[in-house]
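Next up, some structures in structure tokens.
First chain A sits with chain B, and in the next complex the same chain sits with chain C.
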Partner chain A sequence: MAIFRRSFLTLVSLLVLLILVFFLSRLTGDPSYLFLPVNATPEARAAFAQANGFDQPLVTQFITYVQNMLTGDFGTSLRQQRPAIDIALEAFPITLKLAGVTLAIAIAGALVMGSLAAWKPRGLVDRTVGLTSLAGASAPDFWVAITLVLIFSVSLGILPTSGMGGIAYWILPVIVLGLRPFGLLVQVVRGAMIAALSSPYVKTARAKGASETRVIFVHALRNSMLPVITVAGDIAASLMNGAVIVETIFGWPGIGGVMINAILQRDFAVIQATILVTAIAILILNIVVDLLYGVLDPRVRAA
Partner chain B sequence: MMQLNLRGATAIGLVLGALSLAPAFAQDAAKITIVLPEEPPSLEPCDAKHSSIGRVVIRNITEPLTMLDPQSGEVVPMLATEWQQVDADTWRFKLRQGVTFSDGTPFDAKAVIAAFKRLDRTDVVCNTKQQTMGGVDLTVTEIDPHEVEITSSKPSPILPTMITVVQMSAPSMDMNGASRQPVGTGPYKFQSWQPGQQITLARRDDYWGDAPVITDASFVWRSESAVRAAMVAQGEADVALIIAETDATDPKMDYAYPNGETTRLRIATNVPPLNDVRVRKALNMALDLDALKPIVGDEVTRAEQLVPQNTDGFDAGLKPYPYDPAGARALLDEARAEGVPVDTQIDIIGRDGIYVGAAEMLQAMQAMWAEVGLNVNIRMFDTGNWLRYQNRPFPEPDAPLLGQDQHDNLLGDASFTLFNKYHSNGVNSMLWDDQVDQLIIKGENATGAERTQAFQQAFRRIHDDLAADIFMYHMVGYTRVGPRIDWKPTIATNSEIAISEMKLAK
Partner chain C sequence: MASDPTPLLRVEGLRVSFTSDDGRVTAVEDVGFDIMRGETLVILGESGSGKSVSASVIMDILDRPAGRVEAGRVRLGDTDLLALPRAKRRAINGARLAMIFQDPLSYLNPAYSIGWQIAETLRIHATPGINPKARTVELLTRVGIPDPEQRQHWFPHQFSGGQRQRVMIAMALALSPELLIADEPTTALDVTVQRQILDLLKELQAETGMSILMITHDLSVAARMADRAIVMRRGRVVETGRLDRIAASPSHPYTRELLSAIPRLESDKRGGKSPTTDGPPLLEVRDLCKDYHVAGRGFGSARAMRALNGVGFTLMPGTVLGVVGESGSGKSTLARVLMRLESVTSGQALYGGQDILKLQGSALNRFRREVQMVFQDPFGSLNPTMEIERIICEPLALHPDILPRRQWRDRAAELLEMVGLEPAHLSRLPHQFSGGQRQRIAIARALALNPRLIICDEAVSALDVSIQAQVIELLADLRRKLGLSFIFITHDLPVVRSFADDILVMKGGAVVEAGDTDTLFANPSHPYTRDLLSASAIPEWMSQAVRASIA
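Take a look at the complex of A and B:
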């Protein structure tokens, strides 16, 4: 029953999103100014509007859009003159890969470093981690990316400046993209672990002679995972929208860049297709996060 | 701390080296990589005036009948070997023989007809015709397989110049959407396109002209100028097109070259106080544009007209307005005394990133105008909204506006600029002057010295008598060329990169 309710709500949110995106994107203005030459005549603009259906009332345009969508036609990109959904589906896996790897590394790093920081609060690890997370949260991606390119590619010549390829091509984008999620997650892990380490069950475990490693990584960490999953879910959602700056600088043709360019170019079909694809992905992600809660906490499962 | 970082970085380097993770920087001898600022939206020949398409397609994959020599600005043969005017509306072109498209189709009169037909497509955005031919319709007929006659719907004394933009695409190319696999007669053929990543071209063995040195070319794109420059410095690419002046830091690799662009602020000459010529002259005289050059590039030169040198109609005798704040103040006082509302707020319609330093330039100009008592306000727009102010019908037609603008004329003739920008009926014009209108029309219908002089007189009136613009600079571009190849960018480089002209450095 819950599944039905949930599916229904998901569909409703998708529909509301579609309506919002459709009408809001058209508020950005007349695309003919961006697609026709500066000296285009008013007649040429009118012909362009007619050819693309922009001369119809907005509601008619929306109905046509929904009708076409139900037959699998998500519209044609004005700029690339090919199906908008193809453009979105080419870009999304790239974003997904980059986001997935970054998040996995950030979570793993945060779990280890956050736990160590919580183990001895105000110790060396804790202070170093605190500083890193502060720096990660405050340094602008753009600056960090260009600086790392200048150091590791131009000065030292050990990593490629940009582009997609083998492991070497992943290092800089993942570092730049992962700094902020790592900084955020490490603080969450640290906070949750400090609370967990002072709880009665940890004291019991210690009293029973469990090793400190076991106490930290088995008993306390598992119980600290819920807030981590929540925050990681939020981060994953924002990464799925595309890490525009990192993707742009490093030449990873992900969905963020496609979406921003489509907005700037008033390429409505592409705006709609990219947002639809990411929205569906985020809805799936939310379901996964809910399922993970259930795995980690039996009380959630029961509810 | 720094020492630690360096040590750490070196350690990572050693590890990567040991694992052979570092990319293969050294490239095959005759393979090159060109890094562009953006991915082309398509490779559609009928839209090759779109510079991001033209850079890949023009003179690499497809070729025109005639081309402009970037050095002299003259029309020279390409796929047409000679031509002559039959009457005011008609020209005949003899076609080069023994030329084939890369798919094996012969290049002949029928192919020319098909290529011109492609220009008339309305199912996709095909800007070449609209952008360069105004309202002129061209009809091509076959005289024999190696000669065509082109008739224009109105007299076109510079038809051979106009058709330099028409790419000869193969008749076999379909008309389904914008092409992503063009077929032409050029020295290279389209090989592959990995969307978002790269486009590759390969040298043809059956090219009609001299075989180029470069065998394979990859086009990649990075929107950050610093990354493009770093790619060449690092050996990942051989040419980084259009880098910012701040990234052009290596005199051995970085070339500054006139890029055919001219900057100005267009004045709404019909709205008070800008309808008073004294105010317009004062706006020009209040600016120390020589001092502001470093904002856009030290190599830029002052402009007095909206076309670059080597353009038919360029008047080398025009002198820029001198920096004379006292004179500007005197003109404004005189106008004020006669009731001209000089103190009205004037708005600049600016566009973020129209050129490097665009916003900073406006701020500096605003400060200089404030010095002479002018009240100028800056309004910055994104491209789409800025473009609305470029074209008729103008929004806010009664507001005293200055429009930030950059215009390129790479076609070697002032007619591609004058009508649209300054004629009373020009779609971008904010000038209404009978004398200018007559000179433009006179020039457009004339040839030779008469044409040149009419256009020169028009520019002189626009600058000296009417001060219709705030005239700024003939701009420069910066492109980085790596040590492996021997090639220098030209005025045409921003819109076409002929790989066949590149040699390997000795």
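Take a look at the complex of A and C:
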């Protein structure tokens, strides 16, 4: 039952989003001023508007848009003159790959480092991790990116400055993009683990004769995962929107850049298509996060 | 026992300290005791006496780094447990030593099935010839979990409190330990379930020959279980010996105080006036019903849960009605309904001839002034950021026509004195008081509006036994002086014996037995009342011994 309710609500939020994006993007202005020469005649502008359907009332335009969408036509890019959905679907996997790898590494690192920090609060590991995470979460990513490029690409010449390719091309973007998620997550893991390690069931585990490794990684960690999943879900959502700055610096043609360009160019169909694709991805992500709650905590499953 | 003079476990000269805001505080000082093979030793003491800390040291589960063992030895057979490196120490836990705790819900890991958690003990100490899965089902069967093949896959939250404790016991007994430490194992359970758990422990002890170290504050539990007992107070052992000898001739004043708090010894201390049987009743409750709608899974399949089922009683002015029942009996719902904190489904409650369940607006406000409430949790029911004066004066602020503002402070001081606290403490915050003192503050707050009726919902249940007796004495005193009526709700039948004139026994939302206190105690007619009485009773040998020694 819950899954039906859930899907219904998801559809409703998608519809609301479609309406908002459609009308808000039209507030950015008349695209003909960007696509036609400055001295274009009013007749030429009218012809442009007619060719692209902009002369119709907004509501009619919206209905046409939804009708076309149901037949799989998401509109055509004004700038590139090809289906907008193709543009979105080419850019999105690039963003997704970078975000996925970054997040996986950040979560894994945060789980290990956060647990070790929580095991001996105020110990050496805790202090080191605390400092790193603070620096990582607060340093501006463009600055970190440029500094790292300066050191590793320009001075030392061991890593490529930008572009996509083998493993070497991944190292700098993943580090720059992952610093903040790691910094946030390590603090969440540490806090949740400190609470879990002082909980009664950990005493039971020790009274059963469990080793400290077992206490930490089997008993405490599993119960600390809920807040971690919540925060990781939020981070994943923001990464899926495209890490525009990092993608631009390292020359990854991800969805964030495409979206920004489309807005600047008043390329309505592309704006709508890119937002739709990321929105669906984020809604799927939320469902996955909810399912994970159930897997991790049997008490959630019943509700 | 006598044939084998070396103890199974010997604790000597134990000193444990904790780091607190005021530096290091010694929690346990020079504690020592022996446990023989097959015997049950009870550590009796109130909260803060150091009994749980001593057990934590034996099991190596002391909160570190806050807690530190400063001195002493714990010998299991020939090994000094405190001198062992951690890995070797852990190999003993679960195999030779095991422990069960007070609150099995929080002591079981919520994320794993109970079968997994029991089998874990077996996997940690992998023993040839024991198949973890088969042994788990065997253990669950032994502790009385129905349908163990299925239920081993259930999670802790799917069981009742008593069943969870059975699961804990199964887990502790997985490898037949030589010593089982039980830290208040029945305190969080209903009395009838308490007795089942204690009986189970005794049976298992007879089967396996294990020793039990039982930690409790409850004399009836001690009397049921103990061969020998030690009494602890403020981190020290004040009394050691066979329990019957301790009961007959307590040597330390504290032991005497503890024994004299046995509630049933005070049955004739009841408050002054005999209940007024003539004149109109103060409160007349008729056929009260309350349904809760429990949301089912999915759309619209709500079902009703009847929390009160035809409850009725009459309360005369100046009398005390004890309402007794276990969790889920509807006793707290009754209190909330009478306070108009919740609506009813049907029924009447006549107060001064008026149905209070229909009161609105200013009439309801006037009624609320005359009926006040004292809650169970003295920590949760006082706002931690408010000074005592503001807490006590808040009712006066809500009913501003009673007393001019400039007299509030004097009134608050007077009320504090009335409940036996220092008027000078008016500007303190709740956390600066002990549990018993906080409950006195809550009583002072209830008295602020000169009510005629006070409803106490488990008002002494969270307090130590000796403090319980003091608070009840205060209530009896207030009743005499102010002519107050009380509805005293509790799960603990003996507690009300010294205080209530009439008793209502509730079960599953309905009244199963009602009558005056002496008749009900002497001659319980309903089997459930008999169950309740026998479950929480101090055995006759003990009360006789105590009566002889105290008198």
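The rule we apply is simple: the second predicted complex is superposed on the first by the 303 of 303 C-alpha atoms of A that agree within 3 Å, B and C clash if a C-alpha of one lies under 4 Å from a C-alpha of the other, contacts with A are read in each partner's own complex, and residues count from 1 in each chain.
Just so we're on the same page, a contact is a pair of C-beta atoms (placed from the backbone, for glycine too) under 8 Å apart; a residue touches a chain by one contact, two chains touch by 3 or more.
Here the structure is a predicted model, which means the values were calculated and not measured.
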Which superposed partner A:Arg266 touches (first chain B, second chain C, both, neither): first
Which partner, chain B or chain C, touches more chain A residues: B
Which of chain B and chain C A:Leu150 touches, first, second, both or neither: first
First, second, both or neither for A:Pro140, with chain B first and chain C second: neither
Which superposed partner A:Gly72 touches (first chain B, second chain C, both, neither): neither
Touched partner set for A:Pro57, first chain B, second chain C, both or neither: neither
Which superposed partner A:Ile249 touches (first chain B, second chain C, both, neither): first
Which of chain B and chain C A:Met164 touches, first, second, both or neither: first
Chain B/chain C common contact set on chain A: none
Chain A partner contacts - residues on chain C that touch it in the complex: 59-61, 63, 86-87, 90-95, 97-99, 101, 103, 106-113, 120-121, 124-125, 155, 157-158, 168, 171, 297-299
Chain C partner contacts - residues on chain A that touch it in the complex: 1-2, 198-201, 203-212, 214, 219, 222-223, 296-299, 302
Sites on chain A touched by chain B in the complex: 28-31, 33-42, 44, 47-48, 51, 76, 78-82, 87, 90-91, 94, 146, 149-154, 156-169, 248-251, 253, 264-266
Chain A contact footprint on chain B (complex, rising order): 9-10, 12-13, 16-17, 21-23, 25, 39, 41-42, 44, 49, 122-125, 127, 130-131, 134, 177-178, 180, 195-197, 220-224, 226-227, 230-231, 233-234, 236, 382-385, 387-388, 390-393, 420, 426-428
